[in-house]
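Both of the next two complexes hold chain A, though its partner changes from chain B to chain C.
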Partner chain A sequence: MAAVKTGAEVAGNRIAIVAVLIITLIFLAPIYWIIATSFKPRNLSTTIPPTIVFTPEISPFVKLFTKRSQLREQPTQEQLDAAPWWERIVLEGGEKVVRDGKGNVQWSAYPNRFMNSLIVAITSTVLAVGMGTITAYGFSRFKVKGEADLLFFILSTRMLPPVVVAIPMFLMYRAVGLNDTHWGLILLYTAFNLSFAVWLMKGFIDEIPKEYEEAALVDGYTRMQAFFKIVIPEAATGIAATAVFCFITAWNEYAFALIMTNRRAQTAPPFIPSQVGSGLPDWTVIAAGTFLFLLPVAIFTFLLRNHLLRGMSFGAIRK
Partner chain B sequence: MTQIELSGVQKWFGAVQVIKDLNLKIEDNEFIVLLGQSGCGKTTTLRAVAGLETIDEGDILIDGKAVQHLKAADRDIAMVFQSFSLYPHMTVYENIAFPLRATRMNRADTDKSVREVAKVLRITDLLDRRPSALSGGDMQRVAIGRALVRRPKAMLMDEPIGALDAKLREEMRAEIKRLHVKQGSTTIYVTHDQIEAMSLADRIVIMHEGVLQQVGSPEEVYQHPQNLFVAQFVGSPVMNVANASVSESAGKASVTAEGATQGFPFPNELLAKLNGSAGKPLSLGIRPEGVIVAHEAADGFVPAVAHIIEPLGSYDIVDLKFGEHMLRARTRSGFVAGPGAQVFARLDPTQTHFFDAASGQSLGVRL
Partner chain C sequence: MATAVIETLDPKSRAASRGMSDIAIRNLFIIPTIAFLIIFNIFPLLYSLGYSFTDFRASTNAPANFVGLQNYRELLNDPFIWTNFSITAKYVIVSVTGQVVVGFGVALLLNRDIPFKGLITTLLLLPMMLSMAVVGLFWKLLYDPSFGIINHVLGLGTFEWLSNADMALYAVAITDIWMWSPFVMLLSLAGLSAVPKHLYEAAAIDRAGSLYTFFRITLPLVAPILMIAIIFRTMEAFKTFDLAYILTSQPTTEVISIRLYKMAFQEWQTGRSSALAYIVLIMILAITNIYVKYLNKVKER
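Up next, the complex of A and B:
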């Protein structure tokens, strides 16, 4: 569609494009800052004005994954020569990598917290989307007594800010031994995301003509088979969109994770700031941790981008 | 060999009764068309036969066996829906093969059946396409293919070509007829288009507000409508209907429509045939082709003024005014010069129908 445009409209468009570019840059600035810092040598990370040009290093990542302790004196040349490249980086920074009695390198807590985040976010997303889809299908296709009230009730579980219930939840969790467990967080995030998943999926499933399943029923399939062979593939776009939303919510959740977990099941969001302990924090390491933490959501969203674009228009361009 | 019988079927949606005591027997290989206005319960009837809708009372028998409690999957019936009949996430091939996969037919046989059906429907070159890349006509061809492929006991079609444009509808109509002649299967076809019904049906079932009005061959329902609804629903242009009175003066019978200044002469035997009913309020029905128009006054012709002329190509429909009364006549194209022209008309007694004005039932009087 090439509509006729006047000179003024063309100029207007150009201005709009420039404005969009500037706004985008402003929004991307913190991300740039995090990524840049995570590749800086420590001494350049807090300069004023900020250092823009520098030789990127991967020392922050090495430090991120290892447990280190402060060196009291400068490392000797022998020590440097004997160390593998990654350990040398740490030594040059005035720290040494902690090893256990057998000489095995001690990992930092970060990989573990990162894994916790993955486990909790993925499991709760699968559960919320799965149960949400089935629930939404029920609401969409069958006459449910008090349907409007039930749907409102489901939505109403989202109306209270989560922190309001955090303390009572903590007490309940402690009583049943769910605090600082993966299942505890998974349960919490699933419950939290479920209402959202039900509402979103109901919208998507309502868009799928019921004739599709009816045709399958007449063709000799059971309702279950029709659900899996017809409804699920047809709702793929909606499922992807819902999954991305649920995953982002679970991945980024901070308040509950901070209160409910401290070691075993602690996720990355409460862990990352906890590194800013006493003394001078190494901002490059924190930036590296933050940068890696941003990746899964970015990758997940990127992989599902086609579905998402279609999903966001809520069926407007289906068919 | 498949017979379908509906016996005393009743269906309510909440407080609304959608099917009222429906009785119908469909013979093996018969092509039955359910015809009626929007909302009269055609789709509901079809869905009840398919097993997509439960019925509240009565029996649905397939080959003598009551099936109203069987699931759709267990009735061995295929259905073509008006729209949304193809799965967008599958290719044409997969769409057609889908019903066979439910029967766990092996790969080679499935392939053979799919290709056979595709050949019959002339869609072989479309097999790899997605439904979104098909024209409306091809989509419905594929949908019919999917219904045929399983060789079901019966085919149900719910306005399968209702969404297509007029020209394509005509083409597909011929195609469906050809297929039925070739494949022969008991078919129930739903439409609100009476031309489609007339051209396809072995027998037409006319429904109105959930009540069966008449069942008969196209010729029967056209020539012998049992009531005013059928008379006016079947046939295009619509039959003229007017309240009328039959009178006799000087030994000659005549029929005067309400508001007309002059009666139309009729053969005297009408009086005998009407005998008891002559006094009751009557409705006179006559199709436009039964109104004969002439330029010159002649015996039996009544003067009239042309009011509106609709040229339809091969013929014209002319609205004639007899005083206050209006009749539509069908003439050769260009026969009447223009609005306001003075013409003369008579009614062809063999094409007139008489109905009881109160009940709308045909009096069964034909000349």
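Up next, the complex of A and C:
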């Protein structure tokens, strides 16, 4: 650009900035609406017109975690005084928290599904990144016959539509008893993420100069020692970025989870939509569940911001 | 394939004399991954290839009968399947075009000095990182004819989005555009920032118009990366399942993945759905092939 900006250019820039701000607000509006709804009292979640200004409350989160039943009549003052603060919110809304014979609060299915998501996403990430890193090193440093074809094969497994793979996998899992188990999903997600991890890690390892390991080999390291003591620490950032990508993919996955699990191992993505059945759903509880579910990904996105381009292009485009 | 892996390596390499040989390490590092992917992707596909020639139904204990190419013949002659394919094609065109227009447009706007550019870019990228199924579900509330915020803001009264047979596919595409324009934007920004500044300076000296500059300098140089974004999004839109499945149950939004899912797991026509899966698979592999060629091309630059 010319050093001195013309008046038209400055005006153009201002218009562009305003446009960018408006677009950003539009893009964030649905996310804002999820967060806002998760702090609304139920009767304000589906008003005509939509309620934009309201006093936030955390009753949706209390409801999200507990089983409740409808109260026949208004709660008495004694009931209200006896209840802990979080239960009082539910009582005031005309519901009571279900307890078992010993007085323990009955949890809803949500924390269980959330835990399933965590178990499956973390385990499959560790497996995929572990295997992906060593395979990427193999491709990066050694001559492999038919390397291009093998790498294409590896990437092509990632492109398979989940429903296509799910048909035979469902039958195979049924035969070996892996349907609706954590391991069933973990292995599927590992396979899915493995190809991605190989491609991304190969890019990161290619960037580490070979001379580092060669120097170590001269110093008497074995190839294995050189790999673990030189390459792995050098690739730490890449490994972390790859891991976050794999985690997010596994965390968000829906189709396999829908087909392969129904109760015990069900993760949050198929569970959250299943709450919207017939009748009027309580959108505040769904929003609360959605908000907590999206939170880790939002945090990771910020941590990952400088690696997004690379991850999204399978390591092909670096900045 | 195994023989392809176990082959020559430079035997003179230094580490060959100490510890594990390089060949042993290479095989140890590569073969398990290849084997794992074969077990979890290729073997199942062979398994379903076998079933695609039978009338097997996973919901019964009846043994599978070999029916030859009947499933394929019937599927390819089934007008309903072609409807599903044309719905998918329409969805791909609407959704990918929207993503390219919005994504590339925003990238052009962002490609200048803007306060808090990093923060704004990251915020704009957020939608694509979120779960399609979970966020998609919430769009049901946004699209609601009476208490949805979209109709309220746009002043559309009680306009039906998702329960309107003609509109539902566009509604799904709009949500998809919201989620994935950021992807096109991200790649376009990378392409735009790689355009050498001196080209613009030269164009300015020649008093080239901004349209001329855009079509003769910007677009050709960004094109390869933009192509990657377009092919990748085409492939993903072709496979789309989550959003359309969650948002509506209109026959007009039954893309091919949903048809496949219903055939396999609701109607339990295992044999026939395996055949359909193969037809879809061949199409996907064709697109993947083009995609990888482009990836490698851009990589070489």
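We take it that the second predicted complex is superposed on the first by the 293 of 319 C-alpha atoms of A that agree within 3 Å, B and C clash if a C-alpha of one lies under 4 Å from a C-alpha of the other, contacts with A are read in each partner's own complex, and residues count from 1 in each chain.
One rule holds in what follows: contacts are C-beta pairs under 8 Å (C-beta built on N, C-alpha and C of every residue); 3 or more make two chains touch, one makes a residue touch a chain.
Computed from a predicted structure; not experimentally measured.
S.K.: Pick one for A:121: touches chain B only (first), chain C only (second), both, or neither.
M.R.: neither
S.K.: Kindly classify A:234 by the partners it touches after superposition: chain B alone (first), chain C alone (second), both, or neither?
M.R.: After superposition on chain A, A:234 lies in contact with chain B alone.
S.K.: Let me test your reading of the model: by the given contact rule, A:212 touches which partner, first (chain B), second (chain C), both or neither?
M.R.: Touch partner of A:212: chain B, not chain C.
S.K.: Counting only touches as set out at the top, which of chain B and chain C does A:200 meet: first, second, both, neither?
M.R.: Touch status of A:200: no partner.
S.K.: Have a look at where A:185 lands relative to chain B and chain C in the superposition and call it first, second, both or neither.
M.R.: In the superposition, A:185 touches no partner, neither chain B nor chain C.
S.K.: Under the stated touch criterion, name the partner, chain B or chain C, that contacts more residues in chain A.
M.R.: Touching more residues of chain A than the other partner does is C.
S.K.: Based on the superposed arrangement, let me know which partner A:222 touches: chain B (first), chain C (second), both, or neither?
M.R.: A:222 sits against chain B and chain C alike.
S.K.: By the touch definition above, which chain A residues appear in both interfaces, chain B in one complex and chain C in the other?
M.R.: Residues 214, 217-218, 220, 222, 225, 319 of chain A touch both chain B and chain C.
S.K.: Using the touch rule from the top, collect the residues of chain A that touch chain B in their complex.
M.R.: Residues 209, 211-212, 214-222, 225, 230, 233-234, 236, 318-319.
S.K.: Within their complex, state which residues of chain B touch chain A.
M.R.: Those in contact with chain A are residues 50-52, 71-73, 75-79, 81, 83-85, 87-89, 98-99, 102-103, 132, 146, 150.
S.K.: Going by the contact rule set out above, which residues of chain C touch chain A in the complex?
M.R.: So the residues of chain C in touch with chain A come to 1, 4-5, 7-10, 14-15, 18-20, 22-23, 25-26, 28-30, 32-34, 36-37, 40-42, 44-45, 47-48, 51, 58, 106, 109-110, 112-115, 118, 120-135, 137-142, 144, 146-149, 152, 178, 182-183, 186-187, 189-190, 197, 200-201, 204, 225, 228, 235, 239, 241-242, 246, 257, 260-261, 264-265, 270, 273-274, 277, 280-281, 284-285, 287-289, 291-292, 295-296, 298-299.
S.K.: Which of the residues in chain A end up touching chain C in this complex?
M.R.: 1-2, 13, 16-17, 19-21, 23-24, 27-31, 33-34, 37, 46-50, 131-132, 134-135, 137-139, 141-146, 148-150, 152-157, 159-172, 174, 187-188, 190-191, 194-195, 198, 214, 217-218, 220, 222-227, 248, 251-252, 254-255, 259, 268-270, 272-273, 276, 283, 286-287, 290, 293-294, 297-298, 300-302, 305, 308-309, 312-314, 316-317, 319
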